[in-house]
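These notes open a run of structures that come right after.
You will see subunit A twice below: alongside subunit B first, and alongside subunit C after that.
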Partner chain A sequence: MPFLPHLFLAFLEGTVAAAVLALTALGLSLTFGVMRVVNVAHGEFYMLGAMLAWYLAKLSPGAPLPGFLLALVGAPLAVGALAFLTERLVLRRINYDPEATIVATIGLLFVIQQLALTVFGAEAKPVAAPFTYRIAFPWFGYSGYKLFVVAASAAILLAAWWVMARTRVGLVMRVTQFDREMAQAFGIRVGHVYAAVFAAGAAIAALAAVLLVPIQQAHYLMGLDPLLMSFIVVIIGGLGSIRGSVIAALVIGMADGIVSVFFRPTLASILATLLVAFVLVLRPQGLFGTAPR
Partner chain B sequence: MSRALGLHLAVAAALFLAQFAVGDYAQLMLTRIMVLAIYATGYNLLFGYTGLLSLGHAMFFATGLYAAALGTTRLGLSAPAAFLFAIFLGVAVSAAIGAVALRAKGVAFMIVTLMFSQAFFLTVLYFGDYTRGDEGIVIADTIRVFQFLGQTVDLTAPAVRYNLALLLLALAIGASYAAVRSHMGHVLVAIRENEDRTAMLGYDVARYKLLALVLSGTLSALSGATYALMFAYAGSTLASIQYSIHPLLWTLLGGAATTLGPLLGTGLMFTLVDVASGLTNAHLLVVGVALILLVLFFPKGILGTLRQRWLGWLP
Partner chain C sequence: MTTIRKTVASGPRLTRRSILKGAAASGLALGPGFVRYAQAASSEPIRIGFQVHRTGIGAAYGKWYERVTTAATALINEQGGINGRSVEIIAEDDGTDPGRGAEVVEKFATQHKCDVGFGTLFSHVVMGSAPRAGELKLPYYVVSEGHHVASGGLNRYTFQPGITDVKSQVISLAPWIAKNLGKKVTMIYPDFAFGYDHRDYFSAAIKAQGGEAIKLIPIPPTESSFTRYFPEIPAETDVIYHVMVGPAVLTFVKEMGEHFGSQHPALFGFIDSLEAVDLKSPGLEFLEGSYLWEAYPRFAGASPAAHDTFYRGKVGVDANGASTADPADISTFSHMFGCWETLYVIKRAMEAAGYQGPDDKAKLVEATEAMTDLAEGNEHPQGHKKFNGKIHQSFGHQNITQVKGGVAEVVYRTTIEEGLYEPEADYTTQAL
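What follows is the complex of A and B.
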């Protein structure tokens, strides 16, 4: 393939990676922004979403579309419910202490991973795409489903922005983020907000996984990469700034997609992780974030 | 002799006598526990006493591990020379990482250490030609038998390994005991309790934090080098995120900021995983559940809770 079409292909792949990454990171950014806790089990919620998508899609044999739609609704709901329980049973009881939360969610990471291995097994699980339309470019054919993923991610990101910026629910979340005690003084049930936000963050991760799983198979160890990448995105974007996270996801996903077409992926990852470490050292609030009050 | 000193000596004596009472398998387990307890003891200096939660200590452990393994197999060093080389690199790497990472605070510090450690891990994989990645480096038995101060030391002999591990552990715990009893130890605890106030009292907080991190990282590297030389293996798994989390878990279980907690936690966790892997192969499940239960019900760990309730004199 000549250079320019090759670059175009890398650009398309980068866009798909960026779209899924932006969704995954949105979940993490939401929990960190509102609750100020780092959820290390975020990647496992993502993995669980992919696994459940495989399981639910299997329930309806025949055409893949009904099964996919079932997964699209069922997996985020189930994962959200699990996250809700976690929040109520664990995080609330340790009073959202940042360090204790990290330790507890590391524990949760191991538990979910091992349960997924025991229940679903170690082999990778394919999920059929709901449709198989191929777009014929002059140089190569490209999966229409991948472009659908990009459109769906964009729609969900817009919806999230609309909820945060324009609705009463978003207002309550932003108030809680801004000043927890003041929110409580104004009669906002901060505990309920936290539970809802934690569940929503996990559900968004699961949603991203359901969208991705027809492209990349479900596997019980698949959670680590999105976790690290989401961390990178959320940090570079600014801890707690959703807009920053989306911008960072676009830049990093795109760069990752393009760089890994031309360079060895391990080297790209090394540079990316070092970059994050140094950004955080020099600008602890991230590129777009504001220092916590 | 104070009660605290007596307790430490009693533990050392019990561990010494244990080798005559247990079988081969238990002896090997105890050796491994003692070597890794050095790692946990180093971790505890930073996490327990100074209050800095690092999620990247595997890079210090692996620095020692690979310095020893590559030093003996590639650079042609003898085992004792490789051991010293590993400790030297441990000091250098932890000082360099500390100088950068300590500029970040709180959650940012955790993530910076996590990222550095991940970059280290990926670098180990990247240079797979030298480190042999996941498969790992195997150190030949001929290297593990060496002359030291006119004596022949045979690291392939279980009894030699056991007593050497015990000696190193005793030195590590002794050093940590002396450190936390010293003036420096009190400043570290003051930093943990209130960093701003400590700085206002005129202490150079940044210097003390760096000192704690270097001590902690060096003990971790020492443990890694011992591990490589005693068990003849250095693989990338030992540099992965999991090995950053293990010492945290062990320290939390035994009791953060207690001198014997890391040893107790390491021993208990190994026993727990050993028993659990007889019942199920999902031993990580046990680790995960243990972490959650600990945070919920015993945030101070076993010795920490004992100290709070009954034994106020426990160091």
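What follows is the complex of A and C.
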């Protein structure tokens, strides 16, 4: 393939990778930022979203669109509800202690993963895209749905930013993030905020999974990779900074797309990991984060 | 508020712990009492340790390996067992992990006092487990596919009698590919041992046919997006040879379809990619008209042999290779027959050796090595096999099928001779 079309393909791949990364990292960034806890089970909420998308899409045979819409609503709700229960039954009881939360969510990771294996089975489960459109460039073809994912991802990120920056709900979350005790003193029910944020984070992960599952397929081990990449994005972007996460996702996604098209994907992963190391050494709070108080 | 929460929380926590303790204690009491059988009498069942990928990346295969093993064991027991003793399967999950695989083998030998170990599929788990089986002198019958047994790299106690190795498979396929699809081949394969077997032996085999592997594209096994690899496929490619493993294979095929559209080189793939996957899945339309390697064709076709119908019936698989209980539950048909056939090899070897117990393990190894022909029939439904005792490997027929309307139809069945190669080793010279 000539150089310019090759570069164009690399750019497309990079854009999709960035959109996917930003979307999967958004939920983690939210819980990490507001609650200051590390949710190791984030990837499993994502996996569960994909599994439920497959299950719900299967309920409406025929044209894929109704099933997809059903999954788009149903999966985030179900996963959010599960996360809410987790928060009430586990995280609240260990008082959001950071170390204990890591251990508890590692446990949760295995529980969800093995339950998914038991209930849904080990096979990779395909979900039909709501529409199939192949964009035929002169040199190669490209999935129209992938570009739709980019647009949807941008819309969701904008919506998240709008909620955080412009609404009362966002204000309450930001206050809780800024100073938990002061927020409590002002009558904000911190416990409720935490429960809502944890559920919302998981629901966003599930939403991302529903969007992505037509280009990936659901599999019970699929949560591990996005978990790692989300952590990389959140660490580079800075704790709780949505803007930081988006920029980090763009940088890593583009680098990943271009490096892996022209060189090797392994090299792209090495570079991303190196970047994390540099950020941790030189600017531990992340590019756009504020140091914890 | 914090203090209150802590006090409240500490109450039930203690109770929970004591409940857990109680549960653990009762679990121990009710657990498998292998100690009871420590002094095994000859009326004790023959214990076959079944190393199964119940979890991990191989779980979809493991499920079907287990179903086939259960069905074959039930049948063997119905037929009077082995040497008048019933057969008991002791299944242990290895998590598709080499380290755990070695532990499982050790458990079979020392804890469960198994007579043989059996059933491992994924090549890295075989590589991790076989040395331990050799050290413990546990006859170990794998149902993998890799060339590792036949290469001479393992040991005298490790056998692969139920399924042909990759080297033999690709050697037997290369002439047909060169003749019917083209001589310039681009290979796409997983970037680890199993993929390297394909790379090395197919490249050599196609060269022997006057063709060439013009581009080699290794793909990391954890990859989930493939579009980035397709620009590497040279424009003059006649055939794309693809063998993938892992759950991302549907994405692979779909993205290849999006990349190429209707103008594309011929496709030749290994069913390994599509085991447990419905060929009618969304995204697989691109495979229409393409060719697949299958050890044992998933679709029974218009006139199946009696032993094929018998085997499918006993395992619970219909003529489309799906579970009779759930047509959406697709089997790993081209691999799982290896469990069935291997169990019958173990039975035959034990009978030939007059096997009575672990003291006869050396005799069992020699009896297995002495086998040559495994005749097609209910015991070997995939077809006739020649077993080479020097390299502990079976050689059988391979099938080339073409996808038509979501069904793969056999277009060519190789002879056993097409897949034979010079033995690279001789295990029989190793000490027992």
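In this section, the second predicted complex is superposed on the first by the 289 of 293 C-alpha atoms of A that agree within 3 Å, B and C clash if a C-alpha of one lies under 4 Å from a C-alpha of the other, contacts with A are read in each partner's own complex, and residues count from 1 in each chain.
Here is the rule we use: contacts are C-beta pairs under 8 Å (C-beta built on N, C-alpha and C of every residue); 3 or more make two chains touch, one makes a residue touch a chain.
Quantities reported herein were computed from a predicted structural model and do not represent experimental measurements.
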{"item": "Subunit B versus subunit C as contact partner of A:114, first or second or both or neither", "value": "both"}
{"item": "Touching partner for A:266 - first (subunit B), second (subunit C), both, neither", "value": "both"}
{"item": "Which superposed partner A:142 touches (first subunit B, second subunit C, both, neither)", "value": "second"}
{"item": "First (subunit B), second (subunit C), both or neither touched by A:106", "value": "first"}
{"item": "Contacts of A:10 with subunit B and subunit C, given as first, second, both or neither", "value": "second"}
{"item": "Which of subunit B and subunit C A:93 touches, first, second, both or neither", "value": "both"}
{"item": "Partner chain in contact with A:179 - subunit B first, subunit C second, else both or neither", "value": "neither"}
{"item": "Partner chain in contact with A:235 - subunit B first, subunit C second, else both or neither", "value": "first"}
{"item": "Set intersection of subunit A contacts, subunit C complex versus subunit B complex", "value": "93-94, 114, 117, 266"}
{"item": "Touching residues on subunit C, where the partner in the complex is subunit A", "value": "1-2, 5-6, 9, 55-57, 59-60, 62-63, 220, 222-225, 227-228, 230-231, 247-251, 254-255, 258-261, 276-277, 281-283, 329-330"}
{"item": "Subunit A contact footprint on subunit B (complex, rising order)", "value": "53, 55, 100-101, 103-108, 110-112, 114-116, 118-119, 122-123, 125-126, 241, 245, 248, 252, 282, 284-285, 287-292, 294-296, 299"}
{"item": "Complex contacts: residues of subunit A adjacent to subunit B", "value": "38, 90, 93-94, 98-100, 102-104, 106-115, 117-118, 224, 228, 231-232, 235, 239, 264, 266-267, 269-270, 273-274, 276-278, 280-282, 284"}
{"item": "In the complex with subunit C, residue positions of subunit A that touch it", "value": "1, 6, 9-10, 13, 16-17, 64, 92-95, 114, 117, 121-124, 126-129, 134, 136, 140-143, 184, 215-217, 219-222, 225, 257, 260-261, 265-266"}
